[in-house]
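Below, chain A partners chain B and then partners chain C, in two separate complexes.
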Partner chain A sequence: MAARLGAGDRGQVKRGGFILFVGLLAFLGLVFYHPLFRVLQRGLTEGGKWSFSPLGTILTDGYYLHIIVFSLKQAIMSTLLSLGIGLPGAYLLTRYSFPGKTAIRSLTVIPFVLPAIVVALGFILFFGNSGWVNQWLMSLFHLSNPPLHILYSLTGIVLAHVFYNAPIVTRVVNAAWEGIDPEIDEAASSLGAGGIRRFVGITLPLLSPALLSSAALVFIFSFLSFPIVLTLGGARYATIEVGIYTLVRTLLDYRLGSALILVETALSLSFTYLYLKAEGGFAVLTQGSRRLVVYPLFVRKASIGRVFIVVYIVIISVFFLGPISSVLVDSLRVAGRWSCESYRQIFALSYNPFLGVSPLRTVLNSLFIGGIATAISLPVGTLIAMFAVRSRLPGRRLIEAILMAPLAVSSVAIGFAVLYGLGGAPLHLSGTLIAIALAHAILTYPFVVRVIRPVLEGLDPSLVEAARSLGASRNRAFFEVILPLIGPGMLAAAVFAFALSIGEMTATIMLMRPGLGTMPVAVYSLLSARQFGAASAMGMILIVVTAVAFLAIDRLGKRGTKCQSL
Partner chain B sequence: MFNKLTVLFVVVLLATVVIGTGKERLVVYTYDSFVSWGPAAALEEVFESQHDCDLQFIAAGGAKTTLSRLLAERDASGTKADLFMAEVNEVPRIMNYDLFLPVTKEDIPNLALVPEELLLDPGGGFVPYEYGYITLTYDSQVLTEDELPRSLDQLSDPRYARMLVCEDPRTSSTGFSFLLWTIARFGEEGYLDFWQAIDPTILTITSGWSEAWAMLSHGEAPLIVSFSSDTAYGAMYEDSIRYRAFAPGGQGYRTVYGIGIVKETTKPELAKAFIDLLLSIEIQEQLPGTEIMIPANSHAQLPPEYDEYLVIPEDPLMLPLDLVGERMERWLHDWERAIVAK
Partner chain C sequence: MPELVVENLTKSFGKVNALYRISFTLSQGEFLTLLGPSGCGKTTTLRLIAGFDRPNGGRITIDGRSILNDPPEDRQIGFVFQNYALFPHMNVARNIAYGTRFNRGIPTKRRVRELLDLVDLRGFERRTPAELSSGQQQRVALARALAPRPRLLLLDEPLSALDASLRESLRMQIRNIQQELTLSTVYVTHDQAEALSLADRIVVMQSGVIQQIGTPQKVYEHPQTEFVASFIGRANRFSGTVTVIKHGLISVKVGEFLFFVTSEAGLPDGLDTSQITPGDHVSLFVKEEHMQLREGGQNTISAQVASRQYRGETSIVHLKTQFGLLRARVDTHQAETITSGSKVKLSFSPGAGLLFPVS
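Right after this comes the complex of A and B.
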């Protein structure tokens, strides 16, 4: 677009853009790159001098090696199982029609965006030793001991990861599957290829970019998982994230904590690179002129295939609805009766010893942090999206990758960077809500970019040109033409950032001190004290806030330009 | 839209801050159970009626977590804590960091009523206010008395598979005492073997005692590492002695809780007055019923339930504190490697 403007305009745009861009870099340098650099530097120094000794300790000590290997192991298991559970779902959504299909497709985004601590809570209430499933089994078979042991083990951790990652596999693969041109399949069929051969020879290769990309996404999220491992693992199971948290927050060992962050960041950068490569593969997908033929799911004719489908649907319904329903029911039951008492407790002004503040204060803290974080990440993300779409600078791909770096840095590391880099002089942000809000802004702005970028790409430059040729000033063209067009996208991005911040616990727990708790931290504290009623009520509020936010994004995305951030 | 919301919340937050301040504030960093179970509320009421100040308890996890947090705050930008409560095994670390202001019987008159054997801090800053024994506690609806392990060794029996919840010695003082118990019982050369042998018995390792107790009382596990006064607690409050303490092989580990004045405090006199109140007979007699511990003040009367149900191990163990201070890091390091990285 800039290329078509007059020479004078181009200079103006460039100068204005340049100033904004420098401001953006200065801000990110101050709150993110420099603090992160200091952490990484800490991991590479000993007694003030550059040294590999902390890194050496991490890479030769059996304990830290174990943590690294365990992180990888559970992430691989979580990824494989998420694919196993998610793929049949994608197949059902693609090839069959049934009532509520659109709604279910929209809902697949929910588990993924639920705060992980709420998933952990649901799992304890549903699968725990005194949870629903064990209670039913015990009363059904008159057992004296709970028969099902899945919590506090590798199985529990992996299943919880599957809970919130399998739906994303379903979502991504379903989107790719529906984009496949049915004519290729039909051509193969007319040449005599059977169903299995067509699936292996045609569908699978066409789906492989989507499979790889969703697998990489699940892998990265499981690899960097924190609240689930912390709650469902106990002290015996630690991922790198939990290891760093323990080193920094309880053992106060910044030296080894930083070195472990160094290792983690190197690993997650490699994984993120692979993910972005796989995602780039989406471009080769064929977009057919016709849609795939779909079959009604519910017909009277019974077959083995249908039986499998029904069994699958029953299992995933129990698996996905069980934990969420148990949070809902538990929030409404007090001492065996239906009651709103737990919700009254959440909005109480009185001090709660488990939280260190009143529950209402944690709600207000969350809203305040979410507001500030969104107010920062929205302009930062929009500027980066504009840069990515408009810039013709040489090496802009690399600059873009560097600007999106928080995606590849774990939440614990970002929390520690803010703590270590900004906690002391000159800003003295240690133990403030602002420090937490800054960490959230860093964590959320890449997602703002991902929502706004496709909106900007879809913008027709001729509209602006038309406005300009009709005499509108640059500012007027921006406010009256561009802004209304990208408005829904901006709103979606803001809601997205806000909801991510509201549900964020990991960086928060790295930065908080007594009295600064947010809602997810409150759920964690109440859950640890087995104050299930209050924990569930708080958890329900988080579920509703995130669900409403993401359903709104889903709608906004459809109404405006295509926004396929997830 | 967010700007308006933000302004609104800033106003709300500022308002709460403004309303909350005004008086001189004395801040006590304590552990979860002192506030949720302990005499914190009673102390606050009495102290605030005697002194014109706002007494605030801040509980942020188990005793070990709170110390780390305090030290980190002190390191970063100063702490607002005036007083700090801790378990006695933290004394070496507290001395290392020179955290406490030394106090004497002249400062705190009630200190004269505390037996010498409880005054374990050579620096004189750590004032004991209660003590007890770490033992095991079981759910009598799941296990009968005959089924209990006769000694720690028997915990490795497969019949106890996935029954025991213990606390993480890195984050919990109860868990740390249990670790010291195993070291005192099996020696430095044998304790890791014991831990590996009971690995199948351990359901999970929680970060603090409150979590372990919550799991016991919510039916998630029938056996936890806890305090020898648990039966008496049930008799006093639950009208039931479903959860009962027992000392396997007549053993238990001695634990002492104390309080100290943080050196940086600007209110040392107020802080001393608080410790004196904590050691007063009035508050000390509440400890058996709230903290479920034995008062440090030897003139305090024990409730009748304690006479009946308090388990006092015939063979109470306690390692010398200087040894604990010297070896603590290595023990934790080795434990971590034996239990987490199996």
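Right after this comes the complex of A and C.
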């Protein structure tokens, strides 16, 4: 655990850390590795013997081949379009100054935590056949039929993925761009390189790790996306995730479901490997000693460039604000009038036929699951972050990668693993909220690691030594020096994990039984039943939870870094 | 009575020996400097004394009692870190007060006030470390280490992050405080000027081994190893062989030239003329300030001035000779009389040469 502690108790600390770490591995083995292994094994056995026949069925069946190809195709399109939309944003954020720049930069994290089902809902309300855009167009041009048909098509899926992922591209590339030492560019210009040559020869190669890693990230997210495809894809456009869900939950075919998970996991593991490799190239970038010169964005000087910038800003404003605003507006409108009726509906204690349970119950279920999942993922993630930062073991990179495996395994697969591996004896978790909470804990702990790890890395090991040379015991040093410094980071991680759990629908739906629905599942059910008002009201609650989480992360994150920036 | 005794201290990290059988003593009130290039083991030595790491062998005692099994918090040793390691979430007063809470009998408030006075930071109590300049941070770190009245103060390159003028003034401040409190102090640095001006004695280290222990004057004027001769001060080095040993003079053949060195001043302690014989390979060192730009007895060679570097009162003259480029430090008014490219005579007295046998 702690790298440099006192002489007398060093062995004791090592032993304590070792015991904790073994406990962690045992826990993850029980709830994740072993269940996942059993699922993968199921995909490779036939009648109790090892066999490639389930895999063979998948890889020779036209339908499954079609959904594999479709998954890759929509992911590639989503990635390219996300880069196309996200990169100009990164450029604007890097090279121009404008009011609200800091806020916009912070807001780019929102889609990451915004529940996918809410995005799907917003898309239906805004871009749907009877959505806002079509209604405006119809009244504007006096049409009798909706002119735009983007839902239940590849376009709809890809656009929703872009909504989700373009801000990630903007965020990652902007961070890398600002990290480039401007003196490198100045050196190139002093050597005679012109603007375009500098961009192609200097900036682009320096940005390529960021470009590659954000593209890989978008690709993985789109490849494993579930709620958006389920909602916006209709019956014709299924991805592997939806295929697995249908096999397991509708057809109850565990044999083929497991085999499809095997194929999916093999693919996603390779993509994740590429992503981690690309991300490794970052270290050399962030060494800028001086800040880049920025130009004011809004000046009274018309040029072709300015026109493009304005058009871009208008388009992304409509594209990003439209769906979210329509959720808000629709939650407050009933039969063409402003009303709070939808909110009254979802806080009702009475049974709702579309949900199979009272709406309030789903809110309580979500809170319960979120609480348990956070209580598990926070200590698990913290321990792994400590291991990653402090361990000097040989092979620790590999161990770290294995510990972060849930990042590379799809939510449907994790849901199925928990269902299949933990549903029966000895734990009999099938049909319990605990099973859903466990799945959420597995899904969220890698994000806890990602939040806490930099906090721990920023912690100066000599702080503990300083405290101890002044007479503080090991425990006092921990409670008086370490905890106050990593506390805000841990709180941010907890809020993040909680928000992710609250918005999670994929694993939940794999494990759901009547009565166990959560808020996102309720949004999905209400959406399927075309109860848009209630769905929007429930969606608004999710948006608010997300916004609160985002604010907390933003504030706490800043405080954390301020403490370390000494 | 010696206070701190370090005996045969050995520390290895994996297969690398960071320290090998280090021994030295520190008496009450003494200011000892560990000097050496980075990676020589000086910081490791300090960390072992403080208790942050455990040695693989050897002993550390204070007043005859081994401290090796005490955790750092029980050693009563103050430590000033290179990066100060101030607690970023506490203000100046709380940083300084931190250690006093573990020592009953130290009135916290009064002690904080005393130390703020000592380091000239009255009025900064409520500032956080982030609101201080690096020089102020350094002084808070010193005050914090002194507050619990440690038996011993260890400083790990405490001034290396500061600019030159600040370094100089803080150096004197540290020395004054140390003398005022007659505090036994070990100070690690790689800066020879710092070591020479601060220390009662200097321990010169290289590659985990002690090269020489002595007063600044002794270490500077009578280096005992070739490493010390080349690390402290600037010297010209010649490789040659001993030819004749006679009348307290040793003649050394370098190329085709014969230099003469007095055996009394030229040989390291414990080595006399009986231990060297003609034909032995030696290194001959002559400090740059001992090179003279004039005819001077037998050790006179011809040279051509290559360049001149102004250093204020003195100047460094680079000279092309048959032995390659040599340096001489001379008074600036003398250096001003010569021009680049001019031919001069270069000499040194036999008493200025330092000889080290090459094994």
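The rule is simple: the second predicted complex is superposed on the first by the 549 of 566 C-alpha atoms of A that agree within 3 Å, B and C clash if a C-alpha of one lies under 4 Å from a C-alpha of the other, contacts with A are read in each partner's own complex, and residues count from 1 in each chain.
The working rule: a contact is a pair of C-beta atoms (placed from the backbone, for glycine too) under 8 Å apart; a residue touches a chain by one contact, two chains touch by 3 or more.
Computed from a predicted structure; not experimentally measured.
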Chain touching more of chain A, residue-wise (chain B, chain C): B
Field: Partner chain in contact with A:Leu485 - chain B first, chain C second, else both or neither
entry: second
Task: Kindly classify A:Arg513 by the partners it touches after superposition: chain B alone (first), chain C alone (second), both, or neither?
output: first
Task: Considering only touches as defined above, state whether A:Ile67 meets chain B (first), chain C (second), both or neither.
output: first
- prompt: Thinking of the overlay built on chain A, is A:Thr246 touched by chain B (first), by chain C (second), by both, or by neither?
  reply: first
- prompt: Between chain B (first) and chain C (second), which, if any, makes contact with A:Ala466: first, second, both or neither?
  reply: second
Message: Contacts for A:Val544 in the overlay, against chain B (first) and chain C (second): which applies, first, second, both or neither?
response: neither
- prompt: Which partner does A:Gly423 reach: the first (chain B), the second (chain C), both, or neither?
  reply: first
- line: Both chain B and chain C touch chain A at residues none
- prompt: So in the complex, which bits of chain C are touching chain A?
  reply: 50-54, 68-79, 81, 83, 85-89, 98-99, 101-103, 129-130, 144-145, 147-148
Task: Using the touch rule from the top, collect the residues of chain B that touch chain A in their complex.
output: 1-3, 5-6, 9-10, 12-13, 16, 29, 32, 35-36, 40, 57-60, 64-65, 68-69, 71-73, 75-77, 142, 162, 168, 170-171, 202-208, 210-211, 214-215, 217-221, 336-337, 339-341
Query: In their complex, what parts of chain A are in touch with chain B?
result: 62-63, 65-67, 128-130, 144-145, 149, 151-152, 234-238, 246, 249-252, 353-354, 356, 361, 364, 367-368, 371-372, 374-375, 423-424, 428, 430-431, 494, 498, 513-515, 528-530, 532
Task: Please give the residue numbers of chain A that touch chain C in the complex, ascending.
output: 4-10, 460, 462-463, 465-474, 480-481, 484-485, 562-566
